[in-house]
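Below: one structure, written as structure tokens.
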């Protein structure tokens, strides 16, 4: 079993209203040292090796389902193998 | 008895609460923007539904830092009626005035419909006009209404009789123990996902929520 | 940063062609309007403002056919939204908008920003939006991508409207493979206004300030207007950066701030307009044009979300949740204070100037200096070729299709499970339809109805359009669309007031498509005249095609009506047993384009029968008078699936059945002749009702029991209401779950 | 400037309906090798050093705002410093 963490975020130029609202809230709490917040989501996907390389599965499910390339991009990292 | 209806940025059921109290019940009520910091002169405080701060972090999470919150906490500590519906309930849990939390609905979808509730506890200042065990219908309209508390907290809430309303036919959101509304331990803070203020006029097809507001007003009269 | 091309390089390399400005237009602008070569920024402004989306250069000659005036009409097309007087110093304000292309690309945000945009149109008039409706046409649900598109689109509409706290109270949702690559997503917003607070998009008075309010400007949606004026083909991947993200929370603040300004301090304000397609340039130049003024803006003052934006990007950005105000000199700080309270930017970015020029400064340089009218009024109208579609000629030569119903019970059940007919509740219940506690009738009936607080009146609203009919015969189909909308309004006991529209068509450069546009508008216009429902606003969406295949011509009609006394509001569902049931309107052999044809044949063919609009209007009004007299218990118009479907739907609400006997054949039971109603009348009013409706109503039988007992000329059935209801309710949830 | 990625997830014992739904969709796409998905969100927070240690800011804003300890837990990682 391998667990891969897939990170999905808005593309650079896409407006992130959540990040904006959270930044404002952090400032109103007095944390002026915080310069900005961007929000993303991640998926910890547990994959059974064997049939095909883990990378391939990750690529396929990201492109078919988890990511909308019109506005999002993704990256991933293998968390653990056991 | 004077009611305050709090307007957080993004509240949108403020008018519903206001009109239910003012036009339908003839009560004395005023809007109070959450930028204000005082509730002097008010006897009860009502937190409306809506999407405070867009619900952008978690529903109700950002609203609890508004100026008015300390005054609401003071009201709660003073034993005055504090009521939150929908986003108001979410804010009350985020602020720690009520136990537990409200998660995303199990369906992952916003749901707006009328559901059946059982009045579990009519021995509160909010529900004295109802019968214990009575079934009533109230509208819900939320995406984050699944009540969650860890097992220990849940047991406490149940043992103390803090569960006031339970979904009785179907559970529309995945709430633990079908919980639709709870009070604090002292019983003067009520949070509920359903919208009694949407059910106070025959013209709109449902008056089952009216007695909740009448109960609060009765209680004030008895006290006075 | 990329170096901008010089005017000479532009002339030579013609980048404007990619921005959908033609060489002829470019030359006209250089030679006749400016008498010089436009620079890079100016060329960008022209290409956006001269796009079909902003200028209506192709559709304008056709749009002139619409009747737009009437005794109640306070504002027709041309402003943010139409305004119709409803008495007591109040008006209803409404408009519809299409967001088909953005929705096809990013359905959640495309739909959400479509709703956000139409709301701004309504509150820019000084009105509070009180209801939203949608009109959705999607591909068949056997396709996983379509199911995803639909789910996300509905979530986007709800996500925006629910957060704003504006109830979604009605709409339509139909399915046909023709919309697979190019779904139709139209949204309509209805607002209420105290007539004295009405605003216009106007900028004038030398020295008055131009103020920018709301969200910051980013690079999103640059060239959205030209994007909307383009066909899709699978290759234009790069266009996809036009995706904008909606921020309903920001818009809620903007709404409240703008209403505070327009309702309490209108005297500070000259005009207000939302920033929609082509952002700052379209709003500011249109306001200056309306006021016959000059305007100078300093782009360095525009609140910006990203560093290093060029003048071109700032002007064309379609960032959402922004408005432009013209504020009387001296009141800038007052206005700012209002917006400050809502934590919104409000910044003076320029002034009204003497003369008529539109001047932009950026980093200390003049980057644009052109006559205002060259952007707004001098646009070359584009003559279009048109030709009657070949399929119409072919169809006319063929004999009409005659359905054969072998097993009435089986056909009836299958009909109720057609996705276009089946219950849409699984979608509509994700919309908050009750917020602000004025919704008397929410989604699921003929019209959505809202009470007007402080009065005993209501407003009814509906969206209707059936692309199949318009495709078969644009002119007759256009008439039918308006009649269907009026039927829905009248079925609620409301008087039709006016319409808005969204004209969704394919590529207008195709002569057959332009013919469809032209002739359907002729039909709509004719029906609006006869039914006395002028067109007060609307929207045109062209180039709805994927890989050269156009959608059906799909005009959406959004109609609003007035319920004079809510005591006489009429619902769809049978209210009591033993009421008399009437069918109002004649039934003919109208099978071309029907749901029955689609279900049995799998395709749409044939010619439509014309309608007698005067006659329909006449009995519609007599029916309405009976409703307003309180003689009608329930009424439901007949549309997809004809009498069969309306009968079933009317029985579902309170699970009250009916017992009817009729000379109609089982085919006619499903016929879709327009202008018909199923009406239940308490027996004490039955005689009078029958007399008033005369030849135009046929008594069918009675309500009652828990089944539908239907005896037709050739076949009879007796089906339990509960069984039919279950079929109708479960059809869509089941289709949406399917795996393939 | 330091960017810290703060990860927030439901506590182990809390049902994650989104992970469930995504797992089902992935299976219906034919990826039987995927055994499970857990969903979380992350916040990329840009912090200016100087006034106080970055860790302290992260801890404060997480506990005050970003995390609801009734149902969530968090972890974080410093992404980059420049």
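Should a chain be cited, it is by its letter among A, B, C and D, assigned in written order, with residues numbered from 1 in that chain.
Keep this in mind: a residue touches a chain if its C-beta (ideal position, glycine included) is under 8 Å from a C-beta of that chain, and two chains touch if they have at least 3 such contacts.
Chains and their UniProt names: A, D = Phosphoribosylformylglycinamidine synthase subunit PurS; B = Phosphoribosylformylglycinamidine synthase subunit PurQ; C = Phosphoribosylformylglycinamidine synthase subunit PurL.
Remember, predicted model here, so these are calculated numbers, not experimental data.
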{"item": "Of B-C and A-C, pair with higher C-beta contact tally", "value": "B-C"}
{"item": "Chain centre separation (subunit C, subunit D; CA means) in Å", "value": "40"}
{"item": "Centre distance in Å when subunit A and subunit D are each reduced to the mean of their C-alpha atoms", "value": "9"}
{"item": "Whole-Å gap between the CA centroids of subunit B and subunit C", "value": "36"}
{"item": "Multi-partner residues of subunit A (each touching 2 or more other chains)", "value": "17, 21-22, 25, 29"}
{"item": "Of all residues in subunit C, the ones touching two or more other chains", "value": "247, 249-250, 343"}
{"item": "In subunit B, residues with contacts to at least two other chains", "value": "53-54, 56-57, 62, 65"}
{"item": "Interchain contacts (touch definition) - all pairs", "value": "A-B, A-C, A-D, B-C, B-D"}
{"item": "Subunit A - residues contacting subunit C, complex", "value": "10, 13-17, 20-21, 24, 68-71"}
{"item": "Residue ranges of subunit A touching subunit B (in the complex, touch as defined)", "value": "17-18, 21-22, 25, 28-29"}
{"item": "Touch list for subunit C against partner subunit B, complex", "value": "155, 158-159, 162-165, 247-250, 252-253, 341-343, 429-440, 451, 453, 566"}
{"item": "Subunit A contact footprint on subunit D (complex, rising order)", "value": "1, 7, 19, 22, 25-26, 29, 31, 33-52, 57, 60-61, 64-66"}
{"item": "Complex interface listing, subunit B residues touching subunit A", "value": "53-54, 56-57, 62, 65"}
